[in-house]
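Got a structure for you, questions after.
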Amino acid sequence: MPERTIFRGIRLVDPASCHDGLTDVLVEDEGVSAVGDAVVAPAGTEVVDAGGLVMAPGLVDLHAHLREPGFEHKETVETGSRAAAAGGYTAICAMPNTEPVTDNLAVIAEVRNLADKAGLCDVHPAGAITRNLEGSSLTDIGEMAQAGVRLFTDDHRCVQSSRVMRLALEYAKAFDVVIAQHAQDDGLTEGWQMHEGYYSALLGLTGAPAEAEEVIVARDVALARLTGGRLHITHVSAAGTVDLMQQARERGLRVSSDVTPHHLTLCDQDLVHYDTNLRVNPPLRSEEHRDALRKGLVGGTLDAIATDHAPHALEDKEQEFDQAPPGTTGLETALAVILTELVEPGLLDLLRAIELLSSRPARILRLEEQGGPILPGRAANLTVFDPDAEWTVGERPFASMAVNSAFGGRRLKGRVLHTMLRGRFTVRDGEPVW
Amino acid sequence: MGEPARLLDSGEIRRAVTRIAHEILERNKGAARVVLVGIAARGDDLARRLATEIARIEDHQVPVGVLDITFYRDDIGMRAEAPEVHETRIPFDITGRRVVLVDDVLFTGRTIRAALDALVDFGRPQAIQLAVLVDRGHRELPIRADFVGKNVPTRMDEDVRVLLREVDGEDGVVVVEKGETREREPA
Amino acid sequence: MIKHLLSINQLSDRDILRILDTAESFREVGTRVIKKVPALRGRTVVNLFFENSTRTRISFELAAKRLSADVINFSTSGSSVSKGESLKDTALTLQAMGADAIVIRHASSGAPHTLSRWVSASVLNAGDGTHEHPTQALLDLFTIREHIPSFEGLRIAIVGDVRHSRVARSLTFAMRIMGGEVTLVGPPTLIPPEAAGWGAEVSHDLDAVLPKLDVCYMLRVQRERQRQQYFPSVREYSRLFGLTRSRVRGLPEHALIMHPGPMNRGVEIASDVADLPRAVISDQVTNGIAVRMSLLYLVLGGGRASSSEEDSERSEPEVA
């Protein structure tokens, strides 16, 4: 007897089919079986009264740190998957800065096994560009790509050598995978603690100039032109990067980029109390940069919103500011932050927001089953949220093992009620199914 | 609040100061070894008046110092704000001298206790005596004055205020209901 | 008054004047036969020094002792990596021991802010990283006021490594609060361009600045900065920004020369200049004790953290 669920009168927001309107959606087993008005559901179908709720394709994150293997005191693949499901995600790309580094098939396989066991979210491990993230010799990109790895990055380390970056972009062309760069010039960011500007001078914290990002982006765009490779700039933080990406796009280069909810909403002056949860990498920049990122996102220059979910143990963050590792969690807050800070004030419409959180990142990762469209015959990877429900970050325990949220204590609007991975609820009525 | 009851007028204050000056000279067999130390805010002004009076009687200028007892208070930390600090200036050695402490009102005795503690940090006087313009009773410590301008029975809920030309523009001693505060509460 | 002193920017001009005025009284205490008052009897002050600074620690220690507080020195000069205990655990330990005030010196900017979130004791910043050193600025103001009665319109140049100097930050903020005019002087690599936002002028030409000054304040230059290439050589630095005898001739007669110590004689200040009568550098050290007594008194002399305003009104001040 097949499991059937019907969502009656739900607002379906599905960028891949350009749909935004009220409809019924019938889910049978793993897939969507009907979308339309007055869908007739067979007897025994569970009916979800979805008045006022929004259904979107499950969110897709290009950038999450799950910490396993190696740092299981911060997060595991299982707890990270829970956080993803709780936040409405059905697919995430796990960063390779694990211990050992995810620079070979064995670690890729291990992460996938752990993710399958958890079964809450598709986890796509990213491979390292260079062995052990050392920036000098390329990993077996081909072998990993053939095993399905879609994205390669040395994230949190930036590939400094122009030669290595050129070779990575060139070599990866053979496999249609993307080379993602955390753009940050080492020489300009030695010992950095925050964005270089008025507030770094005031607070006596060592600054990282926005230009440290720009110089790498400028170089990498040039290398993308030289090689024809696919370049992705992750967690863009600088206004200058937006301009460079726009120029690259105008020249028809194969470039893409993402930006985080925290860089879109917070800025350096929020650091005046030395709150280590606001210490992130790249740093929160000034208001001008934040506004430029918003403009770049709204205008279509930036392609996706990625969380850079970076969980840390409490004792890691309860330290002196310069000793606390950078990072904020993000999977459980991303949707609500974007709804509250960008959709509610009218900067983005909901369809565009979902495109940035789901469809576009799915396309960058070439994930056929993710990011919509939500049509009969497609896998039921969905999320359903109440766009008007208000909540305070931290009032309920996080699904993540970590509590280091840059948004702790914030009042947000928009709460995930259901998440469905291939037809199975991972979150139901706002409660975890694990 | 009604018109405050006046305990002493300016003439009475003047006569009280003159009498105390005589008593100090008598008790100490002249002015030779006497120094006066007034307790800040009004005690110091009274001390200067006594010095002037003594100079008139004996033709001898006795040294006058001013002592702020804030650091010796026993209620530091019991109020929201740290008590305001005033100047202390004792520009002479008190060791071996006969120190007359001067204050406006003697009440609980706590100010005098603090002043005694403070004085011994400046040296070892041969003797310490106490002169006050008004003794209003209600002692909480075993302290008594050697020279008193006027003894005034009061209720605890009353406040005795000494007004002096130097700070208040007029001379007088009045009783008021407690409430309005002054820089240093009378003790 | 404030509970913690983390940054000069917490203070108003009235707060600063109250601290300086109270310090005058404490300077008088330092002239007595017995240089000690019982004001903070029964209070515990902890000197928590994560960085070596004998002079600042001794100054605070003497200040607390002259107020009759119990003083505990807790020094750990080990690096962050080698130190076994976290700042938080240290904080909780001191809390459990009943510290009333914690004086903290730390290599990390913001460490006093962080500490103040974990303890109920008052936290006094005795220098944090490249952030601030508020008590140094207060003792500098006290020293200046001994010679120049009003800060309004007073012209001070702060010369040297402003970028990395906690003294420069605190002093600039303090002078601006008091209405002084600050010029920050040094090579462009050592002055953050954002310093203009502090209300200070920026100059790279010391000789041009000297003639209009009331105070010429020299910062210590760390040789490490030369290794980091902020300036090409110590020799070039002292030629351009060192206070030499001949530069002193460019200063007005009345202008003071100051330095927070320890000095690099022959680098930022010539040895004979440091010994001039107008160089009030040892007065700064002396005044540090009175100013720190004043701060400890004002911070700890009020009610304990728990006492609300309501409480203080009810407890009829039963005097002295």
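We just call them A, B and C in the order they show up, numbering each chain from 1.
Keep this in mind: a residue touches a chain if its C-beta (ideal position, glycine included) is under 8 Å from a C-beta of that chain, and two chains touch if they have at least 3 such contacts.
Fair warning: this is a prediction, and the values are worked out from it, not measured in the lab.
Enquirer: Whose C-alpha centre lies nearest the centre of all protein C-alpha atoms?
Expert: If we average C-alpha coordinates per chain, C lands closest to the whole-structure average.
Enquirer: Max contacts between which two chains?
Expert: Highest contact count belongs to chains B-C.
Enquirer: Taking the mean of the CA coordinates per chain, how far is chain A from chain C in Å?
Expert: Centres of chain A and chain C (C-alpha means) sit 45 Å apart.
Enquirer: Provide the C-alpha centroid distance between chain A and chain B, rounded to the nearest whole angstrom.
Expert: Inter-chain centre distance comes to 76 Å.
Enquirer: For chain B and chain C, let me know how many angstrom lie between their CA-based centres, rounded off.
Expert: Using C-alpha averages as centres, the distance is 39 Å.
Enquirer: Flag every residue of chain B that touches chain C in the complex, lowest number first.
Expert: Those residues of chain B that touch chain C are 68-83, 85-89, 107-108, 110-111, 113-114, 117-118, 120-123, 184-187.
Enquirer: Provide the residue numbers of chain A that touch chain C in the complex, in ascending order.
Expert: Its residues touching chain C are 193, 197-198, 200-206, 273-274, 276, 315, 318-323.
Enquirer: Would you pull the chain C residues touching chain A in the complex into a rising list?
Expert: 80, 86-88, 106, 108-111, 113-114, 128-132, 163, 166, 169, 192, 194-195, 197-198
Enquirer: If you look only at chain C, which of its residues touch chain B in the complex?
Expert: Listed in rising order, the residues are 1, 21-22, 24-25, 28-29, 32-34, 36-40, 43, 67, 297-304, 307-309, 311-312, 315, 317-320.
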